[in-house]
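Going by the order they are written in, the chains are A, B, C, D and E; count residues from 1 in each one.
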Amino acid sequence: MGRYVIRRLLQFIPTVLGTMFLLHYMTSLAIQFSGNPVRALFGDRTPSPALLAAVTERLGYADPCLDQKGNPCFGLFVDRVQNIFFHFDFGINMRQQEVTEMVADRLPFTLKLLVIAIIFEAVVGIAAGVWAGLRGGSFADNLVKISTVFVISVPIFVLGVLVREFVGVKFGNILRDQEWIPDVVASGFFSPGFKPDYPTASLLIPGMVLGAVALATTARLTRTSIMENIRADFVRTARAKGLANKRVIGVHTLRNSLIPVITYLGVDIGSAMAGAVVTETIFNVPGIGRMVTEAARTGEAAVVIGVVTMLVLVILIVNLLVDLLYAVLDPRIRYE
Amino acid sequence: MSDIVLEARDLVKHFPLTRGILFKRQIGAVRAVDGINLQLRRGETLGVVGESGCGKSTLARMLVGLETPTSGDLFVQGRNMAKVGGAERRRGRRNIQLVMQDPYTSLNPRMTVGDIVGEPFVVHPEVLPRPRRRARVQELLDLVGLNPDHINRYPHQFSGGQRQRIGIARALALNPEIILCDEPVSALDVSIQAQVINLLEKLQDELGLSYIFIAHDLSVVRHIADRVAVMYLGKIAEIGTEDQIYENPTHPYTQALLSAVPVPDPKLRGLRDQIVLAGDVPSPANPPSGCRFRTRCWKAQDICGQQEPTLDARPGSAHPSACHFAEVRDVVHARE
Amino acid sequence: MSDATSGGTAVGGTPVSGGGQAPGSKGGKERNASLWADARRQLVRDRVFMLALLYIFVVGSMAAFPKLWTSQDPRACTTDLSRVPPSWDHPFGFDRLGCDYYSHAIFGARPSMVIAIMATGAIVILGGLMGLLAGYYGGWVDALISRLMDIFFSLPFLLGAIVFLTVIKKQNEWTIAAVLFLLSWPTIARIIRGSVISSKDLDYVQAARAVGAGNGRLMFRHILPNAIAPMLVYATIVLGAFVAAEATLTFLGIGLQPPTQSWGIMISAHQNYFLEDPWLLLFPCGLLVGTVLSFILMGDALRDALDPKLR
Amino acid sequence: GGGSDDSDDAGGQSGGELRVYASEPAFLLPSNGNDEPSIYVIRQLYRGLVKYNAETGEAENDLAESITSDDKKLWTIKLKDGYTFDNGEPVDAESFIRSWNYAAYGPNAQNNGYFMKRIAGIKDVTAEDPDGDGPKTAPEPKAKTLSGLKKVDDLTFTVELSSPFTGFPTTIGYSGFFPMAQACVDDADTCNETPIGNGPYKIEGAWERGVQINLTRSDSWNGEPGKPDKINYRIFADVGSGYSAFQAGELDVMYTLPPERFKDAKASYGDRLFEQPGDSFNYVGMPLYNENFKDKRVRQAFSLAIDRQSIVDAVFDGRYSPATGFIAPTFQGAREGVCTYCKKDVEKAKALLAEAGGWKGGKLVLWANAGAGHDAWLQAVGDQIKAALGIDYELKVNLQFPEYLETADNRKFTGPFRLGWGPDYPFLETYLTPVYGTGSDSNNSTFSNPEFDSLMKQGDSAETIDEAITFYQKGEDILAEELPVIPMFWRKEAALYSENVDNFVWNQVSGADYGATSLK
Amino acid sequence: MSAMSTDVNVKLDALPGLDSDALPLEVKDLQVEFRTRNGIARAVNGVSFNLRAGETRAILGESGCGKSVTAQAIMGILDSPPGFVTGGEIRYRGVDLLKLPEAQRRRVRANRIAMIFQDALSALNPVFTVGFQLGELFRKHRGMSRSDSKARAVELLDLVKIPAAKQRVNEYPHQFSGGMRQRVMIAMALALDPEVLIADEPTTALDVTVQAQIMALLAELQRERNMGLLLITHDMGVVADVADQISVMYAGRVIEEAPVRDIYESPAHPYTKGLLESIPRLDLKGQELSAIKGLPPLLTDIPKGCAFNPRCRYAQDACRQDPVPPLYQVAPVRSAACHFWKEVKADV
């Protein structure tokens, strides 16, 4: 097990460096072809070259390789890697904030959102999947299938805006007029977006919208998995042991069926992070997804690379944990 | 000795067990086949029996060239397969063909019978010019008792026994002298099994084939084989003619094996002197010292742990037997 | 599937198993042989599948021959007609710039479909090839391809798309398809790799090897055709996801550029009018959802049809 | 729902917490914050020499006792006594000089250094980069301070301009001219997070990035106190989500609106929707450096092809008003209908284009920066040109702002480009010289007209404001004929306030005035 | 053990019509069909037999003839859908199990009738320890505590001769060898001391040496407890070794039923005869084996009349027409479903 972990951790190195280099090269190319991102700071008012140069220097975009189209800027890359891994210095953004600080400010919101999303998709997705799986081909099965697939085929930004307007504003306003409904529910949970007064309650709906995206996959995966296992010999054995149906399903089928689902959920954290970009914008969650999207647009290389490096590390570690959890769930898998 | 078509000398196959994080180092080996000497004469059938995992299939795979031996030599019609190269080796290989155990999995479900049986000609185009292939395939189908008009059907349209015939036809395509049958009938029903065995015998008569016939059903081997080798943990425990092995087994393992075979005759119930072996076969990764059978042997003495018995004829036995105390023991047999 | 599909819009997810760990599973002793023929027969009988197919056929013909569906020019616009509601002559009304919305929707089918099909084709062919090579050869080839997959896989999808598309700066069908491909090929490569690993030791592959077949023949004639089913299922799902991803990219401002027509543009341009003029959102969303739904349902039906265990 | 039920403690004086919509500010340092969200916060934290009358927009002395000059070049400024920063430092002559020097000094890279450009000595505190964008970095500037700023006594200082400028007193109400404490300049980064202001409010806690900023009444302020006890700036990334929050009763004031929801807001909130003609100018610039746009008749023809009102109705729900001149209608000296070519007249457009020899540029490329919602109206412009003149167009709207600006700086536009311009100070000159003066920084169409330049000079050094205005208006006439840019719209200001708000105050120049807005 | 079984009987007394003198298992005219997409597969078409206490009845037949389905129907664990019992009776001590409500039927399982499956690896849940799976029976049926049930699990492993039971009880199925897994299955089946044990091909997946161990163990335990054993297999050797009574099935029907010796001596149905003849025999070495020609019928398309008629060398027109040949009484305790049983029996 220890060996397995070490080996996996060693495998992270090329992955993380590769991802960093890819981003580094892309952002460098962006600067080389689109020009100095610092220029945007001055908006309509053209700065004097001296001022521009001073700011560029200060923000770390002055490396001459950034003027040579196609130059992969290896020197800059090595500097960045050194700063990140040896000095824990992820650079600064255009407004001279430390990336580490920005991430520290914003990561909690995104994490909360993700946790809500994952719990939502896990609980609802698995429940729906089990329900559908036990009644393969029936009305319930089709209902779950169609409704979950419907959710994923509506683009998330449409879904998000609709939920915000109809649930948060329209329905929420009705509730807010009701005296007897506690504020946490009326103004917190049904707030049309993130609200600092109710930092958790107001994230529940955005989290669900984010989770809805992967809900369908979770449900479908569970369904298939349940349908497979329900015919397995060991389930038949459990029946033959005279166990109640609840136990046959809940203990002997579910745990085996959850193995692929758990794997998927682990992998999904990465995609949920991506989906968070849109959700955060629509529900005004001051999270990391929104921040990094903005950075990517304005060409803030340091932010993009810094944040994504952190994200990738998080994703990889989560995946490792999921793999280990996998071994706990399925004793047949033992990592030597 | 020109009538020896196949000879194995000290054939060894070890599967390495590795460990290591970056650089794998070998920490041991599964000694699947651990020094086997065999000779197969023209027109003869050599049966190989033994418990699951004793290395029968590995031996077979080495003989047909699917696996390279760790050490030892393999002579096909006097040619050392390891020494000759290129065309001659291909020709040598053409001479040994394989019939696999499971007729359901050994045929590509997406290929027609014609394609499957004709594949050897595509791989060895020199054997037969293209225009004549189809006719030859039909001939082969006819030979194994299938309707030649079924050349465009897919394997799933056939029953297990018929599929095994397709496998046999494929093996016959290149006009080999030797056919290796790795448990060709274990997956078949008793009633179908007899059909396939009859076919194999018929083909041997007509084409003068030599067979190596692997099986764990001792009565089938007895029926078809001229000589029988008994394997235990990667080694041959005893080898001799069918009569010698079945009537006068001298190795305790052979004796136990034979006594364990249930006899389809209720009258003999309780009359047989059954030896029920205790315990399981030891792991081939870590075989016992000296005689490999000693851990389950009722005759074992100190010498068995220290000195490995050679496969030789001993005073107590007229044929080669790898036991220090080889002697004939009376066993009540079926159908006497 | 942190993958393309995670485009925030749709997750075409697949069980991403770490590559063929399925101890104890008994392999396909079932007659997976009849798969295709049986599947076809079953699919023809499947009403949901046929409906979905019909829908895709309709949308496909819009994409291929828009003139068949409308004689209007979607680019003849007058702001005076801005957001005029549907009428008999203009069944979808006019958009906010006063262009005929129906012809916009018809002409908008092409980019959406072209992007989805090109990107899916690319991941199927190239991703499949990568997976095949990695799974078949193992060793360092596998290590190399797997690390490459990891790299693209760990990039959050939308973020990657933003980075790539802002660098490329040309947002047309080709570049968007290329970016979708780049960010999603690892999923399919993994699927193929897994199924290749589990099928390369199958008996019939060994049998072909014993006859003397070479690597190319083993890979393309024996392994690939039988590993292709899960990929095909995934491909239909991802096809739908890509249609939706195009819309999301447009919403983020990195998708297709007007005055081109596309459903994504229609949706993101009118997403704020859903209260006043809901039909502006309803029509393109309906078309999009229908397409995605159809593809996914087709994939589903295909999966069920191809799964011998569910038979 | 929420709201500030605890607000009626002090009668008309009111109190309570005013919850307002905000975007994430860039900086909270007066010398650095030049964007709308920043200024909305800075204006409550800091106060300057002059303030603008809420109704008329005229500059009135705030911290200044008097601002005088004989030659409009050397200005003497006297301060009122008794004002301090939150940390106790006095607001004296030194604090203004310090702030302006800090802003102007090149290596500090402060955004508002730009506004110090008229003060004598500006060249010496910013150094020219010897090789432009090249690898060599700029040398240290020659001087650390502006030679034009001189302290006379604790409460008096003089400002010498490089050239006379009548409008100077109106410009210094801009937040870039606010004073800064020594402690703030010493540690600008900290002061940016937790400002040390001199205004009626001070920050409570720290700036919670992306979430909110809380201001509370400052005890050190002894001018007219702010109305609410607290101001809560809720930060939104997207105006749409801010509007939702307003609808849900989470906000008291929104100083802006999503254009597409304008109609809806009007219908739902009626008289609580505050509307006012605005001063931000949207135009389509003409790349005069491109052969095809050199003939003014071509430019006139394009302008004549556009029906501005119909675009406004279609795309902006009426939240913009068509532009018929180059100076905001609210400004002193603005005239209605200066631009005779700004009305749709297809026949005339065709005739003019024919006169000019037709269009030879192939597909017209229309430029806008990405992600800011400009593509829709630009597309409408393209459609109208196409319909009127038969010139097909394509949009180039995928450049992010940095690259777009770089394209502008490098004169790489291949066709009409959209840009905007907002006033730096409430004086009509702000719309003219910086955008159309020969070689001006923001003259992206590369317009150059000696007559125009000289009119501007004359205006700058005119004796009185009224006299100056006549010169500027003559300049505007030239623009109306030459059309270096095609005026499109003026953004209408639109703000919403909730039922909790008693008296909503909108300042002509600086927008919503939260400190003056009282709650019920 | 005995104390325990009475304790259960108290609970099971609640079964309506329980008659402790009746046979432990009687199956009458059992019919099972599978409704699949490719049509209705009639897997069992009227199977009847009895099982006495202490008796071993073998059910013999080739693959797909409905042996396992019969066993599953008796246990009440058919996959349903697609499988449905469409007729017949299954009586446990006089109680028709098919008519019992599910809750009561569940209590019969494992308590009174237990089952061993063919493939022990897949029949044991891979994610729970052997101890958990054994202990579960005691916890759920006997309400024992976790630790008590664990202790009982260890006892059971001892009973089936698994060495070091105390340690191995905490291991997972995949850590056991094939033979040991099958012993665990046996332990599980015997845990609640049932009266009837159904063993569905318990040794088919095992080597002969291990098969001998398992069969010896089963025989010993059966003798000890006086259980009725229903042994499903297609191995004629094993049957000859342990069975008392034999039912031979073909295409979902019992086509011959007899005491074990009679069948081997003089089969009365051509199928049974063919089966016995196709076993390789020493005296026929070098000759062709006598194989049954043709293929087993598809269950979706069973031939008219006697299902075996297309493969039968005795077949005449009567065999090719409905009705299906009834079970003729061949001797006092044996019967065969062949119109020409006399000829068959006489033909040696």
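Everything that follows uses one rule, which is that a residue touches a chain if its C-beta (ideal position, glycine included) is under 8 Å from a C-beta of that chain, and two chains touch if they have at least 3 such contacts.
For each chain, UniProt lists the protein as follows: A = Dipeptide-transport integral membrane protein ABC transporter DppB; B, E = ABC transporter ATP-binding protein; C = Peptide ABC transporter permease.
From a predicted model like this one, the values you see are computed outputs, not experimental measurements.
Enquirer: When you check each chain against chain C and chain E, which touch both of them?
Expert: A, B
Enquirer: Quick one: name the chains whose C-beta contact count is the highest of any pair.
Expert: Result of the pairwise contact count: A-C comes out on top.
Enquirer: Using CA atom averages as chain centres, what separation in Å is found between chain A and chain D?
Expert: Roughly 38 Å, centre to centre.
Enquirer: Rounded to the nearest whole Å, what is the centre-to-centre distance of chain A and chain B, using the mean of the C-alpha atoms as each centre?
Expert: Centre separation, chain A to chain B: 55 Å.
Enquirer: Using mean C-alpha positions as chain centres, tell me how far chain A is from chain E in Å, no decimals.
Expert: Once rounded, the distance between the two centres reads 53 Å.
Enquirer: How many angstrom lie between the CA centroids of chain B and chain D, rounded to a whole number?
Expert: The computed centroid separation for chain B versus chain D comes out at 90 Å.
Enquirer: List, in ascending order, every residue of chain B touching at least 2 other chains.
Expert: none
Enquirer: Give me the residues of chain D that touch two or more other chains.
Expert: 240, 370-371, 399-400, 403
Enquirer: Considering chain C alone, which of its residues make contact with at least two other chains?
Expert: If we look for residues of chain C contacting two or more partner chains, we find 23-24, 166, 169, 253, 272, 275.
Enquirer: Which of the residues in chain A come into contact with chain D in the complex?
Expert: 34-55, 57-58, 62, 64, 67, 95-97, 102, 105-106, 161, 164-165, 168-169, 172-173, 176-177, 183, 186-187, 191-193, 195-196, 280-284, 286, 290-291, 297-299
Enquirer: Residue numbers of chain E touching chain A in their complex, please.
Expert: Residues in contact with chain A: 72, 75-77, 79, 102, 106-111, 114-115, 117, 119, 122-128, 136-137, 140-141, 172, 174, 185, 188.
Enquirer: Quick one: which bits of chain D touch chain A in the complex? Just the residue numbers, please.
Expert: Within the complex, chain D contacts chain A at residues 1-2, 26-27, 34-35, 106-107, 109, 111, 113-114, 126-129, 132-133, 135, 137-138, 141, 189, 208-212, 234-238, 240-242, 244-245, 247-250, 370-371, 399-403, 405-406, 409, 419-421, 434, 441-442.
Enquirer: Considering only the defined contacts, which chain A positions touch chain C in the complex?
Expert: 11, 14-15, 18-19, 22-23, 26-27, 29-30, 33-34, 136, 142, 145-146, 149-150, 152-158, 161-162, 165, 213-214, 216-218, 220-221, 224, 227-228, 231, 260, 263-264, 267-275, 277-279, 289, 292-293, 296-297, 299, 304, 308, 311-312, 315-316, 323, 326, 332-333
Enquirer: So in the complex, the part of chain E that touches chain B is made up of which residues?
Expert: Contact set of chain E toward chain B: 62-63, 177-180, 207-213, 215-216, 234-241, 243, 260-261, 264, 274-276, 278-285, 288-293, 295-296.
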